[in-house]
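A short write-up of the structure that comes next.
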Amino acid sequence: MTDYNQMEMMIVIAARELENGATVGVGTGAPCAAAMLAQKTASPDLVIMFEAGGISPELPEMPISVGDSRTFYKASQAGSMGTIMSSCARGFVDYTFLGGAQIDMYGNLNSTVIGDWESPKVRLPGSGGANDFASFCWKMMVMTPQDKRRFVEKVDFLTTPGWLEGGESRKESGLPENAGPYKIITNMAVMDFEPESKRMRVISLNPGYTFEDVQENCGFELLRLEDLPLTPAPTEEELYILRNQVDPGRVVIGR
Amino acid sequence: MTDYNQMEMMIVIAARELENGATVGVGTGAPCAAAMLAQKTASPDLVIMFEAGGISPELPEMPISVGDSRTFYKASQAGSMGTIMSSCARGFVDYTFLGGAQIDMYGNLNSTVIGDWESPKVRLPGSGGANDFASFCWKMMVMTPQDKRRFVEKVDFLTTPGWLEGGESRKESGLPENAGPYKIITNMAVMDFEPESKRMRVISLNPGYTFEDVQENCGFELLRLEDLPLTPAPTEEELYILRNQVDPGRVVIGR
Amino acid sequence: MDVLDRGKGAVFTDPDPDKLRAFFQKKSRIKTDKTMTLKQAVKTFVNDGDYLAIGGFGANRTPVAACHEIVRQGKKNLGFAGHTSTHDMQILSAGKVYSKIDMAYGVGLEARGLSGCSRKYIESGDVEVSEWTNYALSVRLQAAAMGVPYLPMRSMLGTDTFKFSGAVAADCPFTGKKMALVPALSPDVTFIHVHEADIYGNARFEGIAVADLELASASKTLVITCERIVHHEEIAREPHKTQIPYFIVDAVVEVPYGAYPGTMPNEYFSDEAHLKEWMTKEKDPEAFEAFLKEIIFDCEDFNAYIDRNGGLEKMRRLRRTEFLTNGEGE
Amino acid sequence: MDVLDRGKGAVFTDPDPDKLRAFFQKKSRIKTDKTMTLKQAVKTFVNDGDYLAIGGFGANRTPVAACHEIVRQGKKNLGFAGHTSTHDMQILSAGKVYSKIDMAYGVGLEARGLSGCSRKYIESGDVEVSEWTNYALSVRLQAAAMGVPYLPMRSMLGTDTFKFSGAVAADCPFTGKKMALVPALSPDVTFIHVHEADIYGNARFEGIAVADLELASASKTLVITCERIVHHEEIAREPHKTQIPYFIVDAVVEVPYGAYPGTMPNEYFSDEAHLKEWMTKEKDPEAFEAFLKEIIFDCEDFNAYIDRNGGLEKMRRLRRTEFLTNGEGE
């Protein structure tokens, strides 16, 4: 069995979710690595879009910024934020990967403040394009380490919509229909959302972890499938491509 | 005294209204001839805009269409209808020239139907960009022959806003403030609008016409200045430039 | 939202962005070779009853070849976005292919005069009409392009154009000012003519855009006709020049001189003599029928029409007109 | 209009389009030579208390030179449009020039980490904050650009981002769906960096537009900084390439390498070492103060800053990085 680190595991799992011919709105770092890996493995026709305007580039290396020159290298179009976000709003973008300092059981994300908004302990960057992507893209995914401080009962600030308060609440909010959080990928497990309650649910365990490990590192009660399959470990081919073609500088996987 | 026809007279009067450095949204025909004449006489820095996207072209000849290649020949920008109309909406465009089959005492224009809308006697082109230009541009002008069938008590269809029902009615309609009809130029006279009532008012008479001539050829009661000055006749220079540099093919002035 | 006033004109298309989203969710995003003939594109993508839109400005960068083919195939009961429409509407009226129209500008051919054929068809009572302005239709397309059901604007207010439109008036919650809200317009099928496209549909043009960027994004199905197909590498070399990205495009059709007898910027100027021929023929129903037979129904394709009208020699002359060099070599 | 919900965040600028119209009515439309130095442009057009916007995307085609000059001249109490802002906000925070911010993205430098200086300044309580998303600010600018007081959109709904914004929720009169309405944002003064402009202000750039087209049109005063001034004839030869027309531009400033240490597409790539130097220095207040003195306050102009950071030789290397040819000739 090949050795791999947890970041590599998460990127590989994420890449497998991106089927050929899908569109994905990504940021820099792990999401971009996952999209590039998908393109170099099962999904050569995966279409990458960056919020600042880059559409379907041939990424020559990992971008540093979602607006740098790499994001529209040999692209189909170097458009604008309006081009991208209006495409997302019209339902053209299937996936997006987002992150945050906190996530709750409905997949709501906080990237605005830790503590009280009026007098924050820590001020974070804010929504950026995350709230927009999460509102518009059909399936929102998160890659994040499994950690009690991240998986919280209630986010300090609801920056970016998941299923809001669960049930039908997202639909009632006015957000576009049938879009929402889809998969949460951590170092320990893969989660989806139970269709009725929209609560986070463990659907597979990464090699080496039990459900109890996941629950212990989560600040709220997780649902689970009765029989929990094992998340398939990264293959040698996936790791080879990730390490040698996607991120040879180990900018992301070296973290 | 030089001989001139009524179209030449109207174009010359209109051209004099366009001060240097102003912006004007024009269509084809007489308005465009007036703008070109202004550029070649007192207003070299008059900026011409066409609704389809052409901004500040160096017109090599009279355009046939407000979207043909001449409308953006050596232009500053070949934009879009959105570029032009949003510039008008933001208050960047000072003048526009419009026309129509009918005009009433408040400067409202009809270019949609003669007769009843449901079963028209004659179907006309509709608003086109006229309603938009008249809503947005600060000062709307009309060049038209003085004729009872054109100057009517009530337009069959109010396509394009003048002062609506006069008084404060335009302001109350929600249209942008302080914009509206400014001058009406006919073969017989020049009219403006009385500031309170917003009714059409004769302010000068073209050579050879009396106020009675104008009133007889108008379907509603005209206001007038007490002392009506004579509209200065076209100068030889104006006519020379109009005939030789603006419209040598006599496309407009030969009508 | 408090509606202060509502026009009585029809809204022919559904402004619901969630329905548009559901449609686009199923559209392929893969870069595949989308080239086909115009005959095939019209056959595949234009269905009787569809709502149709035509790019350009009447007789400027307008997909005239597509209009001919739609008439040739005898499509019926279309809806039509009559924004800045002149010669395109004249052709479609000749074929009586539409029965509903959002009318902003039609019937006329600008300074050239009125089209008898378009006018007669609209006056016939066989066409349901809704009134708008050119910019209102542009903003309606923009609403669809942005995935919202309406946008506010400040023209149309106070006029009969508003009353016979499908717009709504409502106060702004920030300023209290009355706005005209216009519903999103998403055509079922749209044809846009451009200078260059790759086989996937990435497209670019020169000169004014009119409302084509909004229109391209608003449309459920988009057919690009182009003067010439270029290699994708050419597009990828300068991606900031791409105005229409491939993933919103369904078909790419190479039709040289596809905007004739209209103007194509930096390519050829309009053929005013032939446009005049149209307007003269329109006056006599029999002569007009024979004319249509000759220039549309008896033509196998657009090349046959170009040949009938003077072929490449005529095109060369119109190119000289476009570049203002008429005087030489004629 | 029935307001269903209203965010409690401040709206720092007046969304009234009639006030904007009155302002623009008085602006000269004449093509005059608008070139000046950056010092002069900042002195003339940036007043304490103004609402400021910066083009580009944080460290991509961003008018960094303008940010330095604003700090160097010690402007105070500005409002700031924090859309996609990274290194620009870091510089402006270092100078503490703003006291109000529309925050969509700030504090961070994307994958590079967080700016200690920006964060500390926002956390200090000296800055009034309103929350938005990147696209919301782009749509707010678009509203101002279109001369309407608001536009509807479908993000922000259901979140605290909405609650702490100045947006309003209201039902659509066509579909009954709830929309977020965002008020027009018209900055008092904006700086946008481009590749080329003529002396009148006609401007064009390569690569992505971010929100710069909306921003340019929305702004009451617009200063273009450019890599190089080109002759007007060059603009007039291909007017469809012009993205910003001269009549909305107040000043043109030639600043080669004006986006350094950020990326300028097809010109130079970002200087990651220097951006890291910023983030390291930020950690120690004294070192940071000395650093700012060295790179901003003691620099006569931006050329001095470029020289301090490696001058033309460094620029040549960053050009090679931009074109992915690092390996050779180093």
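By letter and in written order, the chains are A, B, C and D; residue numbering begins at 1 in each of them.
As a working rule, a residue touches a chain if its C-beta (ideal position, glycine included) is under 8 Å from a C-beta of that chain, and two chains touch if they have at least 3 such contacts.
From a predicted model like this one, the values you see are computed outputs, not experimental measurements.
Annotation of chain B and chain C: jointly contacted by D, touch as defined at the top.
Of the two chain pairs examined here, A-D and A-C, it is A-D that is joined by more C-beta pairs in contact.
Most remote chain with respect to chain C, judged by CA-atom centres, is A. Our note on geometry: chain A versus chain D, Cα centroid distance of 28 Å, whole angstroms.
Between the Cα centres of chain A and chain C there is a gap of 40 Å. Computed centre separation for the pair chain A/chain B is 58 angstrom, with centres defined by C-alpha atoms. The distance from the centre of chain C to the centre of chain D, each centre being the mean of the chain's C-alpha atoms, comes to 37 Å.
Chain A has residues 72, 78-79, 82-83, 89, 136, 176 in contact with two or more other chains.
Of all residues in chain C, those touching 2 or more other chains are 17-18, 146-148, 153-154, 177, 179, 206-209, 240, 265, listed in ascending order. Chain contacts here follow an irregular pattern that is not a line, a ring, a star or a complete set.
Contacting chain pairs (ordered by label): A-C, A-D, B-C, B-D, C-D.
Residues of chain D touching chain C in their complex: 1-3, 6, 11, 15-18, 146-154, 168, 170-175, 177, 179, 181, 183-184, 205-209, 238, 240, 265. Those residues of chain D lying in contact with chain A across their complex are 56-61, 82, 84, 86, 103-108, 110-112, 114, 119, 122-123, 125, 131-136, 138, 142, 153-161, 164, 169, 177-180, 206-214, 263, 265-266, 269-270, 272, 322, 324.
Within the complex formed with chain B, the residues of chain D that make contact are 17-18, 20-25, 27-31, 144-148, 200, 202, 217, 235-237, 239-240, 242, 245-248. Across the complex, chain D is touched by residues 20-23, 45, 47, 55-58, 72, 74-79, 82-83, 86-92, 94, 136, 138, 176-178 of chain B. Residues 27-29, 51-54, 60-61, 64-69, 71-72, 78-83, 85, 89, 108, 112, 117, 119-120, 122-132, 134-136, 157-161, 164, 169-170, 173-176, 251 of chain B are the ones that touch chain C when the two sit in their complex.
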